[in-house]
């Protein structure tokens, strides 16, 4: 009977799927890492550091997409502001990295980051205190987005802000943050943001080893997040979440405090996004208020939609695929890549309403049926 | 479609007609004839060889005699149209027509001079200080003239530069002046002069009192000078107290106007928000399509304005009248196209319309970039949209904003009428609430969808025409309004047109009252936070849809 | 009046109607009966054009209509009262009624008085939102709305669901009146035998997507009922 | 709860080792044998009085029928009791101690008040089985739901309900694909699965055949006693078959109350509701 | 390699495309021109164009792509400071070479970048001098978009003005967000500020799209260039071509180049540009001149070094002179900044500038402002023995190394 549960609409991914996903991820990651570190650059199998950083970036985006998918695909909370958590996580990490520069900045000030010297700040603001400690910075990286998600979620879900109202509010949130971070008075480097990082935990950020390690760490975290999310979504909690998506009022009438569930999920998702942001920054080398831009968040939603929302691996696939397409298009057809990308979005939404994952599953199901694999559920 | 082609050709036809008429008008412009003394003639010849810095001394010398006959010269120089023939030194009024050819006239005789090419004439350069000087010279010369408007601007100009040299002229002008506005100005000028030169306490105090109602900056500055002066003995305590009291009255008045002004700014910002959002209130609010390409519809409208102006370069003054319907048609047709090709497939999947339209917005932007280049395009403001309606020296209403407020309200009314009073409106709402049932009641849902989306997009296009008068016409135009538009619609309450109106205006006014206190950036942030918090109180916006069905 | 020939209908993978044949006589009031989930609503939706059929033919007054849109069918004179009422919740009662006006032959601009004679409650509620009405009031509105288009055939899907007894009776009277006096053809899905017997002239019994019995209402025997309607 | 069972609980079921993780059984004080007090209740919408000084008392274990004209306010009354609508005035008490008006919908549901809507509402994207699973009476906390698994007993319970509502064969179907009548049944099933103290049932037999109606009647009668049931229905035959006490609402207040016979012969009720012939 | 690869790193989409596309075209034109002349060192130049899409992290990524995947020898690119800052660490890590052609806030000097745009002392300071001396301006509005360039410039100007004896209450500083479009209140404030009887000017570091609505509002509220002139550092011919310039006539801009400058090199350049873009209305602007200078200098340096190798070219660059478009020569200094003339122009009705003032001689670009506390003592010198971008003359150390 309980195997029957796994047949439920939203939870089609079989047990083997998780293992497969994690397996594929790890094998690719390790192969790429090894190919970068062990093979000489001349070797045709050598994976360049460029590719490694690129892959690292994709994986960060995948994690972010996962975060969005969890709230949108499963709970129907369309967040158009998830990049706020991503960027906050990124800023947390950026602050830590800034403090690591120490007196190697251009002004040689051991305490103040360059941009503060530049704008005549005489001491480091209180909210930069302690950010030179890695552990503290990591707490901040996760805590600030989580607190923001909690406060925002608590306010919004408690007052039953739903649907597009919620979406637009999340957008307003990230937009407001963007404007705020653009302000130089905020002490986060204004438009230029935080950049010119030197090292992390004493490892030189420019070295291939560090890059590869960051890449591997990202992959590990993504795998972990994936397994964790899969566990959540397959638990009863996951089903309740889907129930809330489909009929919130019904869920309330059978006794679920839907607002708590939503807040919980929102905070969980914000943590994933924040972690993605924190890993993103040392790999791309800059964090700037542009990351808060509402359009970025919309793009993340598009990745998820392209991949297939409501399936975890769909989100991951979507993020990687769209970003890969972007990388290719901007290089091979710089003038026309927006056409291609725009057309892709339109095409996918119209013709693959369930995204790539949904499409594959349909085909797979049809294939199974044809092959006579009819597995009637027995209970 | 056939209708739109027809309308287009029709408009084009009219444009061509007017083009011809307009260039004919330009040719008939007159330049006054005159006679000039020989000493002036000499100075004039020096003009052609003088460096920019010397020009100013030459003008000073020229204007010494107050020769009205030189007025056309000053005027031409001021407009930057004074040229001379390199070979002969003849001074020309030279002007380029929109078709690119140059029309040359002798400055003084107004006789057409032909047979000159670009290389054989040279411009006499002017700069800001020279222009200022010329204006004063012209003011002096026109203060006694017959044209009321010229006299008015002369009086205004002279107010900033009252001195012993021109006080006699001012007083003379006052005796012959009939226009009360000008008399007021001249009075202020005389008072300023009196304050500066008089030593008698009672006269000073009386003059100060006479100025206490005036919000002229020059008068105020003079009073400040009196109040704060330490050196001049005649400004004793009583005089300074009187000045301080007068300043207080003036400042109170100024404050009042500042308040009204802020309100006006707020309303005008609100009207821009309203225009930007109102199309969305239909496509998103009524139809439920989360139309991320809405901004691009606005952009298309703005580009249409640009194209219309390209088509009718001599007819800029009236171009907006054509731009409005044209922009409506262009954006509406694009909207219908989008609806028929994409949105139609997304019934019942509102969130997905967000994704598809996001893709469309990318495509549209890049299309515009490809066709018109990524550079901004130049849209000219017609004369009647420029300048301001001066209520008094510290308070004036800019015309473009006034028109845009009126226009926004007009568009709003029209839409309200369509949605509330016509069958289309009824059908739109029915379809958006229950498509199947609407079909069963004989509503042609496909057509209604297309028309509604077209309407919303068309209105966005119309908004684009208005925005082209305020801001850049470039590929990014749409993006800068999309977030605000959504914010307005949601704040007002989705599906409620009146809510959109009130939301737009209240956000505009709030913003403008915050801005002086916090600066523009923080004001923006605060407004956003305010909206976020407000939605907690009213999760469905200002005017939520009430009743059972809304749950 | 209406003939279904070998209709097959599928929802995704599951077939609901199986080679269904049905004939509705003009001017009659035909009752379609069957257990929950046998496909009665599906049948009516297919007739209205809201569900595509996979094969078969539907004839309306001799004309084949299976390829027409629902809106065309409405213009041809099919009035539909769906199960679950499907009122336009945010339109006022008046607007709900006005929706159908363009379908009328006489192109009237106002909702005919007749409607309010049949359903007096609606008169008091003209300016309230349809969605705010109580379930029963909505049901009456739904019937009234279908009548506004001046249909030749009125199809009703469980019209008495949630209606107070005296109104049920009234509705019965209305249907009888429309059917007998105006000659309107009526197709009625009804679970309550009493009501079906009172207004129906003909009955059709459905089971598993097929019509299994059809006859005059007088001939609806206890045996048939037991066989096809009881659980 | 049997002793052996208790021991088993404490040692084996991880989520129940810690007392704070156990669902707290709400204590409903029914010492006066009254379960529900509705007093002076008024609700108005934009000036329209849907409920007008309504008083209603429901005894524990009672099966009460609520009838009344369309628009009389029956559904609105249920809305108020379950926390969906806030009244303008009046009080609603569950037992002696629980003021329902200051509780949210989930709190009220957890107190043990279940509801079936007039228009069937189920989780359309989940299967029939899952619909029932979600409505089971268990701890509804987040962490609990995250780690819990369906126990044998719970699965048995769901099966039982599936059989009762005749949807066993449809258990793997998405609820959205059910017919109207089947959804009605499913919703009743969800109500059964959640084992509430008080069942508020709005028009359960609408769209059911005569036989199904009978079955529903039996079901409800059997529930009464252990549970308290309030049924709203317009089908007089059905009401007659189950009713002990009937309350008639009219224009937001009680018009008549009593046994079926009394009510049926009340001229007022006949006039506004039943019609002459009934 | 049989070609020399030239990377072009300018945004072709997104918000910056509006400015940067032109520079991409300029580089392509220069390359085409050079190839017509037979290329460099007997090799053809091959452009590699990528689109960082106005997305700052992408600048770093694309820089890496250009340097490691495409193996370009030089990059021409970036517009905004943040994009340069994003690319910088990658350039330094991989020892790339970049020419940055836009006027910027200074306070930077990297061994791997040559800055061919103006530093603040080559634009802002002369502009203020002009206003103060020639127009006798006494009150100052420093209006800018809220980002680093305006902040720094205004900071420098503020301390410069105060050093020149301007009272702090005669300086009004105002910042607005990017793309600010509603200028009503600010213009009204400026009007009030300027109505106090002292000659007032606005020094505008307002960026990009925000300019059009700003000038329109100025005109509509009746503020003319004669009353309160605005001198802008980010408004050039390109920007003006998208504006109805009527209301702007008389306002000023300070640059190192104007299209209207009369010189043979310029005429030729304009001609070439128009034919390259096949658009007789296309205008030229200062960053294009900076690109022009940068490209020619690089080409010359490659020839001088006899190789396109980065280190050799870098060494050859210093002291290099090439003609600029204003009729003089540009000199590359040890601090990787150019010596340039400063010109101030008034906007004309046709969207062109009329030069009203210019420096007598070349101004040496200063990487570290003398008017900022933190940078007073810093100099940049990329020749031995200092070989440092931020050398502290007081402590005699090179910080950050």
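Of note:
As written, the chain order gives the labels A, B, C, D and E, with residue 1 at the start of each chain.
Please note the rule applied: a contact is a pair of C-beta atoms (placed from the backbone, for glycine too) under 8 Å apart; a residue touches a chain by one contact, two chains touch by 3 or more.
Not measured: the values here are computed from a predicted model.
Among the remaining chains, those touching chain B and also chain D are A, C. The fewest steps needed to get from chain D to chain E, moving only between touching chains, is 2. Measuring from the average of all protein CA coordinates, the nearest chain centre is that of A. With chains reduced to the mean position of their C-alpha atoms, the one farthest from chain B is D.
Placing every chain at the mean of its C-alpha atoms, the farthest one from chain A is found to be C. Of the two interfaces, C-D and B-C, the higher number of touching C-beta pairs belongs to C-D.
Chain centres here are Cα averages; for chain B and chain E they lie 30 Å apart. With centres taken as mean Cα positions, chain D sits 43 Å from chain A.
Rounded to whole angstrom units, the spacing between the C-alpha centres of chain C and chain E is 76. In this assembly, the C-alpha centroid of chain A lies 36 Å from the C-alpha centroid of chain E. In chain E, the residues that touch at least two other chains are 12-13, 146, 177. Shown for chain C are the residues that touch two or more other chains, namely 132. Within chain B, contacts with two or more other chains are made by residues 366, 521, 524, 546-547, 551.
The touching residues of chain C, when paired with chain D in their complex, are 11, 14, 33, 35-37, 41, 83-84, 121, 128, 132-137, 139-140, 158, 161-170, 191-193, 229-231.
By the touch rule above, chain E contacts chain B in their complex via residues 12-13, 15, 17-18, 21-22, 134-135, 146, 174-177, 179-182, 184-186, 188-189, 192, 195-197, 209, 212-213, 216-217, 219-222, 225-226, 229, 238-239, 241-247, 249-250, 252, 346, 348-349, 351, 354, 356. Interface residues of chain B, counted against chain A in their complex, comprise 284, 290, 292, 342, 345-346, 349-352, 354-356, 358-363, 365-367, 370, 479, 483, 486-487, 490, 494, 521-522, 524-525, 528-529, 531-533, 535-537, 539-541, 551. Of all residues in chain A, only 48-50, 53-54, 57, 103-109, 115, 117-120, 179, 182-184, 190-193, 195-197, 206, 284-286, 288, 290, 327, 330-331, 334-335, 337-338 touch chain E in the complex they form.
Interface residues of chain A, counted against chain B in their complex, comprise 78, 152, 155-156, 158-162, 164-165, 167-169, 171-173, 175-176, 179-180, 182-183, 249, 294-295, 298-299, 301-302, 305, 335-336, 338-339, 341-346, 348-350, 353.
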